[in-house]
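Below: the structure, in structure tokens.
Note that the chains take the letters A, B, C and D in the order they are written out, and that residue 1 is the start of every chain.
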Amino acid sequence: MREAKVHRIATASPDDVSGLARAIETGEIMADGIVAILGKTEGNGCVNDFTRAFSVQALKAELSRHLPAEAVNGIAYVMSGGTEGALSPHLLVLERREGQASTGGTSSLAIGSALTENLRPEHLGTLSQVAMVADGVRAAMADASITDPADVHFVQIKCPLLTAERISRATREGLTVTTRDTLKSMGFSRGASALGVAVALGELSIDAFDEGLICRDLSLWSSRASTSAGVELENHEIVVLGMSRDWSGPLAVDHAVMVDAIHVEPVRAMLERLGIGRMADFVALLAKAEPGTSGTLRGDRHTMLDDSDISATRHARAFVAGVLSGMVGTAQIFVSGGAEHQGPDGGGPVAVIARRTVEIPGPRHGEKA
Amino acid sequence: MREAKVHRIATASPDDVSGLARAIETGEIMADGIVAILGKTEGNGCVNDFTRAFSVQALKAELSRHLPAEAVNGIAYVMSGGTEGALSPHLLVLERREGQASTGGTSSLAIGSALTENLRPEHLGTLSQVAMVADGVRAAMADASITDPADVHFVQIKCPLLTAERISRATREGLTVTTRDTLKSMGFSRGASALGVAVALGELSIDAFDEGLICRDLSLWSSRASTSAGVELENHEIVVLGMSRDWSGPLAVDHAVMVDAIHVEPVRAMLERLGIGRMADFVALLAKAEPGTSGTLRGDRHTMLDDSDISATRHARAFVAGVLSGMVGTAQIFVSGGAEHQGPDGGGPVAVIARRTVEIPGPRHGEKA
Amino acid sequence: MREAKVHRIATASPDDVSGLARAIETGEIMADGIVAILGKTEGNGCVNDFTRAFSVQALKAELSRHLPAEAVNGIAYVMSGGTEGALSPHLLVLERREGQASTGGTSSLAIGSALTENLRPEHLGTLSQVAMVADGVRAAMADASITDPADVHFVQIKCPLLTAERISRATREGLTVTTRDTLKSMGFSRGASALGVAVALGELSIDAFDEGLICRDLSLWSSRASTSAGVELENHEIVVLGMSRDWSGPLAVDHAVMVDAIHVEPVRAMLERLGIGRMADFVALLAKAEPGTSGTLRGDRHTMLDDSDISATRHARAFVAGVLSGMVGTAQIFVSGGAEHQGPDGGGPVAVIARRTVEIPGPRHGEKA
Amino acid sequence: MREAKVHRIATASPDDVSGLARAIETGEIMADGIVAILGKTEGNGCVNDFTRAFSVQALKAELSRHLPAEAVNGIAYVMSGGTEGALSPHLLVLERREGQASTGGTSSLAIGSALTENLRPEHLGTLSQVAMVADGVRAAMADASITDPADVHFVQIKCPLLTAERISRATREGLTVTTRDTLKSMGFSRGASALGVAVALGELSIDAFDEGLICRDLSLWSSRASTSAGVELENHEIVVLGMSRDWSGPLAVDHAVMVDAIHVEPVRAMLERLGIGRMADFVALLAKAEPGTSGTLRGDRHTMLDDSDISATRHARAFVAGVLSGMVGTAQIFVSGGAEHQGPDGGGPVAVIARRTVEIPGPRHGEKA
């Protein structure tokens, strides 16, 4: 029976892998059990953010000291740029090991991952991307031994974007791209990926919506998708977090959906369900933040969309980071921007991983007896 | 017996005074009772932010339609730039009127204001500025009929800064300025002004600290000062908010001090004392935000101080705005940056104004029977 | 016979009108002769730049001391934000007076202006806007007594943009807008205005191009249009500069077209034709700058289009300002950004006004005997 | 007899070493002859610019495929961040080989390099740093076989800065640092390094100035120093370019000093001396750019120093890049910011490398017969 481990490691710079190296050295992390590494890096999180690629390169170099190349490349590296406000740069290393056989049929945190093929530039933002991602999510669920989509609590995806060069290449081949604007291509890629999650989890049927609605009809959304775009990859890296009785260990995960940037009640309820502060400790938080398209928050005008000095995405990350940090007592949380089709317009999904400190016999968090 | 009124008015742009005009027209605001106008404007809140001056000019133009010039200039205009995150640009119009004679000796919100003389450039950041501001705070307290410093809950000050031109002028006259860096001069001005508040409120003795400690020894601070610097004035505009039995009306004010950006407990306690959500409605919130000097938040490294793309002040405002908005349910709050000597290093004071909805006989909020 | 005067006045801040006030006081400028005031203000020159409106309001307040309201509002105020690099904030006051009767049939600088009606949001970026602007340019030419389009050397236009609010308003009325992106709307507005100039000057026929080509087919362009968008107006303010024998005085204007940001030869040739440094002094320079769409400059990759920290427009303005300042010996020049359909893709028009210092009998600069 | 080769290689991203790899593969570059690699990378060029370290890491990884570790680390990597305006990211690979024995005693381009020890944080900005750098420059001159300082035309130095962490470390050890402001530490480091160059070249005597004048008395400067600070190193990497009869080959170098950002005459004269366009081709340009401290350019106010949205260094780089690109016909030039003590206040040194295309017997460029 497998056991998931989640290691939250501070970084001193995008290429600082000393914490990871130390944990592998002491045996706290077994390199060959690493499924995925998520990270918040300190670039601008938008188009010209090279900290993500820099971080991945450093991580691969470190892991190459312990694993063969194929294994190194089999890990999903999901770097998300932008540590606005007090957000603290860090890594979340998701690992699985053989654990104790569980008793009592309790559920524990389950982790699965999958990598898709490269996405052709002309497919970015289309149903082809949605379908590719949906297949990838299903593969990741299988990898985690999760069969019921209701047991999936968070799907983190790193997806590609369109650089000026890739647009040129497609155009020369006579193909049409969804957009010629690199920053907008990030939105289309994130949106299509999120819809892929929704399709895989049964939240939406792929036949139920028109391709033209991608990034246009924001009433379509997944409650558990978190997607980030970057220039350093051309495929998708997919990580699924959920609960499964086939896994053991003290970790648990749950999720909530915020309908806007200050919709704290569902988050509070989730923390309550997990028992944070009573019978469980906080381990990690993952969330999406976005400015939304209305230009307002509960009717009050904000200025995020019209600010030519600071990208709206950066504003939203800083603000929502504050909302959530105030609730969990730390800013070393994984808040990423650009939440198209991830939660309602202006809101987003939030997942928290906790470590149960009290052993209670019988059905565990969120499960049926 | 005077009664304080606080009007929170949304603005569509820095020079939008239509809401104010409408309120004066309907009689909701009596122009001749306006003591001060605080505002969050949508510039960068740093050196080259002209939205503050633009707003003041528009406000004065509107008020000139109702008041003689002397009265227009007697009002304290405290514009604070920077509406990062979801912060909503707005005005807080502080007004006082003759109110009902109070029964039962209850306390109500009291508002006082004062304007100092112009500050000589060479005095910025020195004990001369501290003393000038302390005198101004005392004058504002007297204006509010508040005798006990403990009844003061928030002192908002707009202070000047050093432009390249003012520095040159002083240098040519053979005088020394505290700093030749305009952005740093804003910090020195805010800090000296905050210490002036601390001295006036008895939190610190002016003899107890060395001028060289201004902006250096951050263990010196006021729990109730909020100071903002701007290029559009050369004097100080001081507004005092407190509680007094000499005032009537349903409004009340209280304050809390956050020791860091996510220190939510004192804020929660203050909201509880005010009875927000039970027997009082939220009216307004005023707070200071700053990145702090440690480079960390509860031990976790943040990147605000080393970010050459976005000023640390802007990061801090966005983040703390999120923390507080999540607690009061709106982002139309007055969060300003640069909190030198305003609360502990990395923290800051927070004040909330509430409207009592339930009449309870006997001593009111925060007062002795 | 009319005479044109061009006054270049430094400003200390967006609302500094002291130089203008002084010039009016001394009689150097006759307020009732002011046709237009162009200005470089120190905001970001993009969407949330309030320095433009702030400047216009200050100018109008100053002129109201000398002119009736109708005359004040009849002046074209063309404020362009963005003083990147060493660009120096300043005003160019274009004035006309009754001058001496010219002898010898020489040509001199001629200035005309016109204001269009408000542009409906749904017309922005369409042939309706092109036609409206073409009519306005013709009216301005007539105002300048210029009949031959070849005698027009520069047309400066201030045009509107689409704010989130105006987009919402049009959408609620069931109308379609060209774009829902405010920053992109500035491009469409500038582009359509530039094509309006091209149509009026006979460079393009309005029947020769499809509305869908606006901001898409950059092979369509005017060699003498310079358009800037701002949030502070909903109509177009049009100023035409040219040469005419019906005007007298020592000023002359000429233009050049740069095909890319460093295409200095045409500018050098223009300075030579004007005789700058030999028989004429430099008075003013007006130019457009843009990053272009290729992502390269003479085959070398630049990073302006992919920079999420600094708008491409700001980059281009700073760079081209350097190119041109190095040629004329001052950075107090009027370089504005966003040159859609203004010169070739990546290039732009440049106009220089000079003051002839040597009297030479016979036909003057650029004219047929 | 040695021959210098200078290879200008475009990069597609900070970690793109494909051009270098190809050149080594074809033999155009001999890896073991590489003395130094200078590069313009596309970060912000200020504190949090990780593109520099990312580039160095990628270069080292590529070179490790061809050279032993000691040789890889013996190369001076001088990455300068910031490709504002149209500046094109590229590498300048400086190589030396055994060349033909020269005839006629002509001078050719000579290249030398040296690496200093790590600089202790408390020595940054002090005479200790000046002396350390001066020694390093002398070592680099010896490496280039240049004995007469007048034959040195450009000294490029990469120097360290003070991060919040290094400041803390020194403070805990009871040591004083020159500044606690990371951005200011870059200026002090650059300035002290430049003065080290001046001392080594005999432009200044180390006994002639007080340590307190570093970055304060800007009348002290070197005409040939170009220094850049970065977070990725703690020592100095020094590269000297000059002319020597002990070297052969078609390359030549010369320099000029601009007293302000648009002082083009000395640059024009240098291009003339080199014969660019007549008997020599342009190969590379290296220059420093800075806003200067006066806040003006030839008496006209600029806004670089008061811009809280864009660092003054970035403004200056973009602007001066335009001035120089307009003169040499390409923006693939090495313009770096922060020119404290490098040329006069507001100006900076410029060096151009040319390839002679015409063989002329007798003394060559700049030499005595």
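As a working rule, a contact is a pair of C-beta atoms (placed from the backbone, for glycine too) under 8 Å apart; a residue touches a chain by one contact, two chains touch by 3 or more.
Computed from a predicted model, the values in this text were never measured in an experiment.
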Of all other chains, the one whose Cα centre sits farthest from subunit D: B
Which of A-B and B-C has more C-beta pairs touching across its chains: A-B
In whole angstrom, how far does the Cα centroid of subunit A sit from the Cα centroid of subunit C? 48
Between subunit A and subunit B, what's the gap in Å when you average each chain's C-alpha atoms? 39
Report the inter-chain centroid distance for subunit B and subunit C in whole angstrom, where each centroid is the mean of the CA atoms. 42
Touching two or more other chains - residue numbers and ranges from subunit B: 12, 42, 44, 48, 165, 303, 309
List the residues on subunit B that touch subunit A in their complex, please. 10, 12, 42, 44, 83-90, 261-262, 264, 291, 297-298, 300-304, 309-310, 314-316, 318-327, 329-332
In their shared complex, at which residues does subunit A touch subunit D? 12-15, 42-43, 48, 50-51, 53-54, 57-58, 165, 231, 309
Contact footprint of subunit B on subunit D as seen in their complex: 44, 46-49, 163-165, 182-183, 295, 303, 305-309, 311
